[in-house]
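Here come two complexes built around subunit A, the first alongside subunit B, the second alongside subunit C.
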Partner chain A sequence: MKITTQSLCGTMVKEIAAISGENVAKCYQCGKCTAACPVNMAMDILPHQVLRFLQLGLVEAVLNCNTIWICASCFTCAGRCPRGVDLPGVMEALRAILLRKRGFSRFKAGDMPRVLNKGMPEQGIVSGFRKYTK
Partner chain B sequence: MRFSYYPGCTLKTTAAVLENSALKAARALGIELLEQEEWQCCGAVFPLTVDEIAPFLSSVRSLAAAKDTGEKLVTLCAACHHVLKRANHVMKTDKDVCNKANNYLQLPDQYRGGTEVIHYLELLRDELGFSALAQKVKKPLTGQKIAAFYGCLLLRPPAVMQFDNAENPSIMEDFLRTLGATAVDYPYRTECCGVYLSVQNEEIVAGMVEKIINSALRHGAEAIVDACPLCHYNLLELQQKTTHGKLTLPVYYFTELLEEALGLEDRAEEKMAI
Partner chain C sequence: MRRIGVFICWCGTNIANTVNIEGVTEAAGKMPSVIYADNYKYMCSEIGQSMIKEAIIKEKLDRVVVAACSPRMHELTFFKTAAAAGLNPYLVEIANIREHCSWVHKDKQEATGKAIALIRTAVAKAARNKELWATQIPVECRALVIGGGIGGIQAALDIADAGFEVDLVERTPSIGGRMAQLDKTFPTLDCSACILTPKMVEVASHHNITLYTFSEVEKVDGFVGNFEATIRKKARSIDLEKCTGCGICWEKCPSRVKSEFDEALVMRKAVYVPFPQAVPNVPVIDRASCRRFTREKCGICRKACPAGAVNYDQEDEVLQKKYGAIVVATGFDILDLDDFGEFSYGKHPDVLTSLEFERLVNSSGPTGGRLLRPSDQSPPKNVVFIQCVGSRDKSRGKPYCSKICCMYSAKHAILLREKYPEAQAYVFYIDIRTAGKDFEEFHRRAVEEYGALYLKGSVGKVFPDGDKLLVKGVDSLSGHAVEIEADMVVLAAAIKAKSDAPQLARLLGISTDTHSFFTEAHPKLRPVEAHTAGIFLAGACQGPKDIPETVSQASGAAAKAIILLSKDNLLSNPCVSEVNESLCTGCLSCIKVCPYGAVAEKTIEEKIHGKALKRRVAEVNEALCQGCGSCTVSCRPGAVNLKGFTNEQIMAEVDAICL
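And now, the complex of A and B:
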């Protein structure tokens, strides 16, 4: 059976493709991304499994996992993927759906003093706002 | 040698030591770095969503301003470099986004990715040349065993960043050897430090930093150098989280070593005192 983005159930997978520019059907499940991932030990669904879930249309399960918030956008997986899958882009699209549409916000202005007091560089604070809030 | 220079927010505040040492060294090397007049924050992370243009418009403004002067645009913070270089790549390769950005910004001249963005390390390697730099070294760091830490942002994604071999880079080690130091080879030098996860998940980052530091120590490092304020924070602050406040490996910006080797300044005492 040939899996195409079109044939995948639901509009959500298409939305992920529109936000990330990536087609999850490209992945052939070799697992290289998971092997490369420096934070895989803290993830509940492994990077290659995220793609498998999406290929099967199980979007809600992926939106509810901690993996998308643990991914550090380090690009190690994307650099090594034999199929050229932009997995960090897919992770970003999943976060974007929650932040844009479902009002998620995981880093608030009130969290600022806590990180500022520790000497966190502005780069880290701005990154936090960019990745965890709308 | 004259270049446009984009500093970024963090170099004006928490990472002032990175900028000060780099600018001082550049002056001593006869390199003129002209800070752009109206730069804005690059946004710290490159927007991976392809359906919006707003997050990288500030980068496009800087890129276009550099093109007007005809100079290459030099960056120093690894994150700014990553964002500017990738934004430029998008402007060069994605016609649709490029048109949208131009329409929105209404720049006097259309910008289509014509500026060349180079990192300070590339400036030393490709514009000045490491052999010319070697001749300017007054106080070689002979006998010092230094581990270079690349992190993610300079190297990846390799096809766009084109900084060095992403899996086996050598620019920082070549730089260290140019200064007379011994470059320590260790497997974690291109690993992720945990970046902004330390905003929310300090424990995870502390574990990642511990692996990097221990790997460098096992291979004989006496200090570690980086080029990114957030790597610097994680390596320095979160290192102490797993060692009960003890600093087992001092952390420096690569420019601090440059400054020292050029005979301009000694490194800060407190970090050396272990």
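And now, the complex of A and C:
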């Protein structure tokens, strides 16, 4: 993969910025998000790399990674980011783009009673809504 | 029999951890002539000094040895302590048992033995110390400032405002220096000329400042408080008094040469003013390119000048001036990029240095402030900035960080976007260094508000691709290779010392580092003084610096100069050479080795067997002598002695170590 003037001018980055309300240029790549992420071991690209790829306009690489689905939306990264980057918001925007393209939500409000049981942490339910609904 | 007191310092744990203090104290007490030995945790403290004072009085000590740190640190402290107790300070001797012993050794037993030997040496020397008195030297209350950039301007104004006369010598036809070439300044984006020109005008109109532009310092003799400089005022070929600065001469001049001020991006005339706000606003004739001088033809400017100010017969003027202090503010150059072929600099017109870019965005520059590509005069869309071109480069450039490039490149990225909102800046960097007030915020603004894309990594090659430049680099953060089709490439070339800095250093008798930057007397605590007393440093001639740092250092140098000039007299160092005329054979080898010109020959008359005989001997000028001791070692009959370090004292030291 090569970064060129063309790839850097993609429009997709603007869409992600519009959905998330976040300017990815704020990130200076310290890697705090990755260091703090409790599920980074399962990710194919690391959270800080998601932001770097977006800064470079490499949107395809980000949309095809498993990271955005592994992300538990726990907000640890956002809580510790020295630049105040809302990375969970960016992750959500990336998922929303894919879900909107796909056209359906995996997780509907009607399904709620079925999955609700004592073993399901509340954050898991909220996270599920975040991750699998458009 | 002397009455010597030895005082041993622990220096906290610095000495005490490696040297057995009690053992050393006991051994010192048994040394010849030592009647008192004691130790304390911090000899330099108030309590430690009181110990010494009390012992001098109580024990009637007539010599004192302090075994502590280097004499560079605290010799003066202990001199003052002794003087306060009524003892001539030159009867105090320092044994350096820290830098020369505890810091460089690990084995306590061996270090203790060495500390004892060093103290024995100092005791042997101290026993032969004689009382010495400093003499007074008058101070010439005028200052010389070399270099008319912002550093020199600030230093001259500060010294002049303190009420002292200042001569400001500038080599080029106008003062202003590098700052005059700049468009905006980081991190406030102030217009550089707008904040500089009022100071330039102030220099020109200040009643205490005499401005010598197009002039050079050729020679400096003398010493602190009494320098004598030779200044060559090069022939301007224009009468400064008559010229009105109307500009007709340079309009009519048929010769064209590359403009130094505009970084050779445009041509200037042979008779020229470097830039519109030049001070003085009087042209000079560049005789190397003027047809009148190269071919004995032409003469148009003289015919055209309505004021009759053109004078082809003007000659260089050589002035002799006396000064008490000198401030050196000669600035910097940028690295020659011949060794960096991969960037195509010099081969493609759209590959520029940052200073050239600065001229291109400047409203007084070659494009009137419209940033256009030199190749086709079109506005650039994609501009690649490459950092650390020759900086932090041990093999082809300079190992140091040029300090200002991170910030001016962020500024350039912002200026680019302000001129052309659609343009994109790419910045290849190795590290971003923004240590300065509001610097990091400024850099982040370039990234977040002005959309500059920062790519961590180097550029391997820049080459022409149609009417564009293909830049091949890497983004090491993502691990991807990068290819950018650029319209313009801007190289942050390393800052280097002026190529003639070593010559100026020799002329002034100051030192330079391995990169020819002038060295300060102490990197932390004496950052504006040169090693030679009375000479002060300001700005990038001492190391890469931005404008606020240069101005601060210049004001610091000015303050130091003012301290010196405000004294009527200076105390001289009494440790100077003296000639024993009865031993001197008149070979005068001491004159040859003296770096300060302090030894001269004289003729004396002696009566030998009733006959009057004339004889040639050497004589030391105590005001010029710096006490280096070169003459003493060159003297074959041993007639020259350095007071405080006589041959007898040195031999006693050697004996004390060896015997």
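Convention: the second predicted complex is superposed on the first by the 95 of 134 C-alpha atoms of A that agree within 3 Å, B and C clash if a C-alpha of one lies under 4 Å from a C-alpha of the other, contacts with A are read in each partner's own complex, and residues count from 1 in each chain.
Throughout what follows, a residue touches a chain if its C-beta (ideal position, glycine included) is under 8 Å from a C-beta of that chain, and two chains touch if they have at least 3 such contacts.
Because the structure is predicted, anything quoted here is derived from the model rather than measured.
Asks: Once chain A of both complexes is superposed, is A:Val126 in touch with subunit B (first), subunit C (second), both, or neither?
Replies: A:Val126: touches subunit B, not subunit C.
Asks: In the superposed model, which partner reaches more residues of subunit A, subunit B or subunit C?
Replies: Partner touching more subunit A residues in the overlay: B.
Asks: Looking at the overlay, what does A:Asn23 touch: subunit B (first), subunit C (second), both, or neither?
Replies: Second partner only.
Asks: Please indicate which partner A:Gln55 is in contact with in the superposed arrangement: first for subunit B, second for subunit C, both, or neither.
Replies: Second partner only.
Asks: What is the contact status of A:Val39 with respect to subunit B (first) and subunit C (second): first, second, both, or neither?
Replies: first
Asks: Contacts for A:Gly79 in the overlay, against subunit B (first) and subunit C (second): which applies, first, second, both or neither?
Replies: Once the two structures are laid over each other on A, A:Gly79 reaches subunit B alone.
Asks: Indicate the residue numbers of subunit A shared between its subunit B interface and its subunit C interface, in ascending order.
Replies: None.
Asks: Spell out the residues on subunit C that touch subunit A in their complex, using ranges where they run on.
Replies: Interface residues on subunit C, with respect to subunit A: 382, 424, 444, 447-448, 451, 453, 456, 475, 477-478, 480-486.
Asks: Which stretch or stretches of subunit A touch subunit C in the complex?
Replies: 1-5, 8-9, 23, 25-26, 28-29, 49, 52-53, 55-56, 58
Asks: Contact residues on subunit B for subunit A in the complex?
Replies: 8-10, 13-15, 41, 43-45, 47-51, 55, 77, 79, 152, 155-158, 166-167, 191-192, 194-201, 204, 208, 228-230, 232-233, 237
Asks: Of all residues in subunit A, which touch subunit B in the complex?
Replies: Result: residues 18-21, 38-39, 42, 69-70, 72-76, 78-79, 86, 88-89, 91-93, 96, 106-107, 111, 115, 118-128, 130-132 of subunit A touch subunit B.
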